[in-house]
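Each structure below appears as structure tokens.
Across the two complexes that follow, chain A remains constant while its partner is chain B and subsequently chain C.
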Partner chain A sequence: MLDKLIMYLQYPFVKYAIIVGVLIALCSSLLGVTLVLKRYSYIGDGLSHVAFGALAIATVCDLTNKMILVLPLTIVSAILLLRNGTNAKVKGDAQLAMLSVSALAFGYMLMNLFPSSSNITGDVCTTLFGSTSILTLTAQEVWISIVLSVFVVTIFILFYNRIFAITFDEGFAKAVGTNVKFYNLLIATVIAIIIVLAMKLVGSLLISALVIFPAISAMSILKNFKSVVIFSAISSVLCALIGILVSILAGTPVGSTIVVFDAFLFLLCYIIGRVRSLA
Partner chain B sequence: MSILSARDLSIGYDGRTILSNIDFKIHSGDYFCIVGENGSGKSTLMKTILGLQPAISGEIVFGDGLNKSQIGYLPQQTDLQKDFPASVYEIVLSGCQSHLGKHFFYSKAQKKTALMNMEKMGISHLKNRCFRELSGGQKQRVLLSRALCATTRVLLLDEPVAGLDPTMTADMYQLIKELNDDGMTIIMISHDIANISIYANRIFDINKAEIKTITTGGTCYVG
Partner chain C sequence: MKHKILILCILSIFLLNGCKNNSTESAADANTTQTTSNEKEEYSDDSDEINLDLTTLSSTMVYSEVYNMVLTPENYLGKTIKMNGTCSLYQDPDTQKLYYACIIQDATQCCSQGLEFELEDSKYTSDDYPNPDDEITVQGTFSTYMEDGNEYLVIKDAILIE
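Moving on to the complex of A and B:
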């Protein structure tokens, strides 16, 4: 089996998949903690549907670099959704659900009306579940992913203290003069970037899992912010790595395999947390 | 010169007014207390002062070169999330956020300030404990330490002694008095009339919309 793995690792497309997969897992887990704690976890889901719609438009328009359309559209939606800061409200919830399902329906309709290939169902399935697209990355896409990931991680590290502050207590942050609006905007932009990146890896239906699972796994066993962030980053990267390797060896879909490992890890952490609190 | 004043202010939520015609001037070095019944709008007034809640009409004016990074704030506890994974130290240190300026990370001096304020509040031994697992009074002290990290000129406190034991309450009043003696302006919401009539120099009754100015002789007059 090891031989088989080593053989596969020689292929550039496998290397690409691993690099991009690990980077996406890292980025999504970093911001995941903030999203979960700010009660924004559902945002990932909604945005990914928007990104799906945008991707459909880009496909129909036959753009060679779809990012040019998908990224700005998703960022704008993220900003519109997160603009109000403060924690989730019912009204925003309904708005998001509407936006999210409309984008999904609109995207699917477009793809059917203007089929870009003979295999529409396959195309849609790929976009929704990311089945094999991670294995078809071009060198250019890999570079875009690397640049965007470096951007996300740098922003997160540099603004770590402010992100903590407005995640923990937005009211206090605003009261003492922190530019909460700007940081919410920044967080929204970064989240949109992560969603667009992650679509390649796990497809738009499974993105939420990538964002939420590492964070709640960490939160069920750890008790301070820094360790939660570090643990979710490490566990997310490991799950992605193992998931990709297993999927290559076993021939399972990449995205779902990663998510299965994430879910399994969550179950483990949850049980450990439970047992510890009982003891 | 007043450091903070309200001009013909109306406060409330979503266009629904709770209180109107609020006028006051707070001077540098004041120990200004806001009193009133539950639900009368004290916390709302404080949030409006801090810009967390838009005023319905009228305005809050900062004077004397005051800006927000010189303010410390202790919110009423009900406003906080309950399941947040954060250590006591992380929370207290976040009080220094307004002094970060153009820096990304906290300086050694700021970390020392955080430790010192924890010492002051008697919570040094809780440094690495998880905030959500503390008792109500312990949480209050953590948030007070955070407020102390933030403030350099004005301290706004929404029921600072709620949930504190008698010893800590007395210590708390002593500490606030010392800060006030050093020139810190205190704006405090409290139900503890007995204590605030000892310490405060002006008491604002939100329902009567009048300010009692207390002179050291103990005689009161409306001002």
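Moving on to the complex of A and C:
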């Protein structure tokens, strides 16, 4: 099995998949903690559906670089959702659901009305579940993912303290002079970038798992924000790496394999957390 | 302020990357192609005279490799390829010409990739072609041809392996 793995690792597309997969897992886990604590866990799912709709438009328009359309549309939706979410909680939830299903339906309808290939089912399946998208990346896509990932990590490191303050007490952050609106805008932009990147790894239906599972796993056993972020990042990267390697060895779908490992890790952390609290 | 300047710098790098001209991309692609070709040599199986044996790979790897063949056929031209999958038959309604293909499914079973194959004339007749939906293993030389202004991929001089 080790020989086979070494042989597989010589394929350029496997190297690309590992690089991009690890970076996406790292980025999604960093912001995942903030999203979970701000009770925006499901925003990833909603935005991924928006990205799906945008991708359908880009495909119909036959754009060579679909990111040009998908990224701005997802960012605008993220900003609108997060802005409204702070004003009215229930309304924000309803808006998220409406935007999510509308974008999904709109995207699917477009793909059927203006098919870009003879295999519409395959195209839709690939976008929703990732399929083997991460193993079919071009060199240009890898570079775009690297640049966007560096941007996300840099933002998180630079504004760690302010993100921490906004995550726990937005009102207090505002009272001490933090430009909450600007940082929420920044968080929304970063979330949108992560969603667009993660679509390649696990597909639009499974993105929420990348955002939620590492954060919840870390929170099950750790209480300190910094420790939670670090554990979340390490566990997410490990699960993505193991998931990719297992899927290429066992021939299983990449996205769902990664999510299964994320879920398994959560179960493990949850049990450890429960045992520690009882002891 | 420093933070904002740094963000602007990072965004500029991203925008520059997105706006680089086609010639630069072509050059980068050419380099990638060269690297890819070199790397492919490393895992070719010379002892069996098969450059790319897809029968030994997992379904996820096979699907990805065939996808890459379709995307960048120039990297695979002239290589001996062995693959197994399901036989598919297509008949051109205008010319009545028959096209046979070996189809492979991805791990989610919703996507499929296939390669057309032509059996070696000196060894096979038209009666020797497999039936649609038969499980087949074919081995031949990867090639491309032009028809009606479109480029098609084919495994030429193929042999059927039991």
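In this section, the second predicted complex is superposed on the first by the 274 of 279 C-alpha atoms of A that agree within 3 Å, B and C clash if a C-alpha of one lies under 4 Å from a C-alpha of the other, contacts with A are read in each partner's own complex, and residues count from 1 in each chain.
Everything that follows uses one rule, which is that contacts are C-beta pairs under 8 Å (C-beta built on N, C-alpha and C of every residue); 3 or more make two chains touch, one makes a residue touch a chain.
Predicted, not measured: the structure shown is a model, and the values here were computed from it.
Aligning the two structures on chain A places chain B and chain C next to each other without any clash.
Contacts of A:L158 after superposition: both chain B and chain C are touched.
By the touch criterion stated above, A:F264 is placed in contact with neither chain B nor chain C. Touched residues of chain A were counted for both chain B and chain C, and C has more of them.
Contacts of A:L37 after superposition: chain B is touched, whereas chain C is not reached.
Of the two partner chains placed by the overlay, only chain B lies in contact with A:A173; chain C stays clear of it. Of the two partner chains placed by superposition, only chain C is touched by A:P253; chain B is not.
When the shared chain is aligned, chain C comes close enough to touch A:F13, but chain B does not. When both complexes are overlaid on chain A, the residue A:I68 reaches chain C alone and has no touch with chain B. Minimum Cα-Cα distance between chain B and chain C in the superposed model: 5 Å. Overlaid on A, the two complexes show chain B and chain C touching the same residues of chain A, namely 158-159. Residues of chain B touching chain A in their complex: 47, 50-52, 67-69, 71-73, 75, 79-81, 83-87, 90-91, 94-95, 97-98, 100, 104-106, 128-130, 132-133, 146, 150, 156. The residues of chain A lying in touch with chain B in their complex are 37, 87, 158-162, 164-165, 168-169, 171-178, 218-219, 222-226, 228. For chain A in complex with chain C, the residues that touch the partner chain are 7-8, 10-14, 65, 67-68, 119, 121-122, 125-126, 129, 131-132, 135-136, 138-140, 143-144, 147-148, 150-151, 154-155, 158-159, 247-254.
Residues 3, 6-7, 10-11, 13-14, 17-18, 25, 28-29, 32, 35-36, 39, 42-43, 57-61, 63-65, 67-68, 71, 106-108, 110-112 of chain C touch chain A in their complex.
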